[in-house]
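A, B, C, D, E and F are the chain letters, set down in written order, and residue numbers restart from 1 in every chain.
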Amino acid sequence: MTEIWLKTLTTDTPQAGFELAIKLARMGVKYTQPSDEVRNRLRADYAENADSLTAASQVVAINFQTVATANGYWR
Amino acid sequence: MTEIWLKTLTTDTPQAGFELAIKLARMGVKYTQPSDEVRNRLRADYAENADSLTAASQVVAINFQTVATANGYWR
Amino acid sequence: MTEIWLKTLTTDTPQAGFELAIKLARMGVKYTQPSDEVRNRLRADYAENADSLTAASQVVAINFQTVATANGYWR
Amino acid sequence: MTEIWLKTLTTDTPQAGFELAIKLARMGVKYTQPSDEVRNRLRADYAENADSLTAASQVVAINFQTVATANGYWR
Amino acid sequence: MTEIWLKTLTTDTPQAGFELAIKLARMGVKYTQPSDEVRNRLRADYAENADSLTAASQVVAINFQTVATANGYWR
Amino acid sequence: MTEIWLKTLTTDTPQAGFELAIKLARMGVKYTQPSDEVRNRLRADYAENADSLTAASQVVAINFQTVATANGYWR
């Protein structure tokens, strides 16, 4: 990907770190399915499916582990 | 999200940390499905499905690893 | 939850730590489905399903990582 | 469980550690389904299902992380 | 595999690390299914399936934990 | 298992470490399904299924975390 979208794992706050984890989860999808149109269409479905939402939250949780460690847990 | 919902990963007790892990799991869902009405409707279904509940517990477990580490395991 | 159910991650033995990991996995479910009656009904089903049991064991494994770390691996 | 089945996470070799990880995975199942008869019946099915076997291997991998850390990676 | 495809886990930037994590996820598939033709055919399907994309993103997230740690989180 | 198949987690290169992670994933299956004939038959199916391949790659990723840590990330 020629676009620069990830310069650092450092964030000012835990919440910004959580939101970076969400971005990482979405970019993990985007590298496999680059079409915005297809991803938006799929989102309409899985946003109404409880198990799909839980699975999405799990990917965020894994990425949040990485971001939190990178930031020394904002202590 | 403009609302501030995560200021720190530090909690006073392990149980409060576990409950923060639950909040993180739910926020991971909320960022994908912001509608309270939809999430409540979906919860009625998956709260009666054993595999959905196990999956939810897994996301909590992953987030609890993060919170526990942030708190030095409350030792 | 007003009841205090998790005071410490410290246990005397690895086996007690494993059993705490099981409790954490179950509490992860209980926070989503508080009804004892519903959980017991669901258990009758998933306790006879191999994939459900494997998934349950996975949540225990993740929680056991946390508990083992908290206890310095009982070395 | 009154039986003592886990006294230590320390093993002499990496392979013994991997086999302990398998035992942990199976005990995670046994605590939910204590009946030997039921577990043996279920095994006959999932041992012929590729996805079930992959899931079982994943639980072993997670437990092996714990055991390997406990043993300083046998270095 | 006789081809050398992984010489180091070190990357110059977090984004390059994320892209290495993607490569690791794909190589994990390639070792099981070496045929480029089969993998390309399968990709056409799962790139249109939300749950498959989430699962792929999860493998990337796990590998990104490894790569980020190897690089000291690029701090 | 009386055969010695895992003497060390140390490898010379990251790629050899990745290939050891694959071996660990396969051995996690073999302990549950020891029959070479059955495993080969199952592989023919799941090697053509995208979700099965992603799941296999995930187990490799988890084991690779362990192997990479054991080798100090080959730095």
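In this text, a contact is a pair of C-beta atoms (placed from the backbone, for glycine too) under 8 Å apart; a residue touches a chain by one contact, two chains touch by 3 or more.
Keep in mind that what you see is a predicted model, and the values were worked out from it rather than measured.
Here the chain-to-chain distance from chain E to chain F, counted in touching steps, is 1. Set against the C-alpha centre of chain D, every other chain centre is closer than that of A.
For the self-contact between chain A and chain E, the two sides draw on mostly distinct residue numbers; the shared fraction is below half. Taking the mean of the C-alpha atoms as each chain's centre, chain A and chain B sit 16 Å apart. Taking each chain's centre as the average of its CA atoms, chain A and chain D sit 31 Å apart.
Look at where the CA atoms of chain D average out and do the same for chain E: the two points lie 27 Å apart. Residue positions 43, 46, 51, 55-56, 58, 62, 65, 69 of chain F each touch two or more of the other chains.
Arrangement of the chains shown, judged by which pairs touch: one closed cycle in which each chain has exactly two touching partners.
Starting at chain A and stepping first to chain B, the chains sit round the ring in this order: A, B, C, D, F, E. The part of chain E that touches chain F in the complex is made up of residues 1, 4-10, 24-29, 31-33, 38-39, 42-43, 45-46, 51-52, 55-56, 58-59, 62-63, 65-66, 69-70. Every residue of chain B that touches chain C in the complex is listed here, in rising order: 13-15, 18-19, 22, 43, 46-51, 53-58, 60-62, 64-65, 68-69, 73-75.
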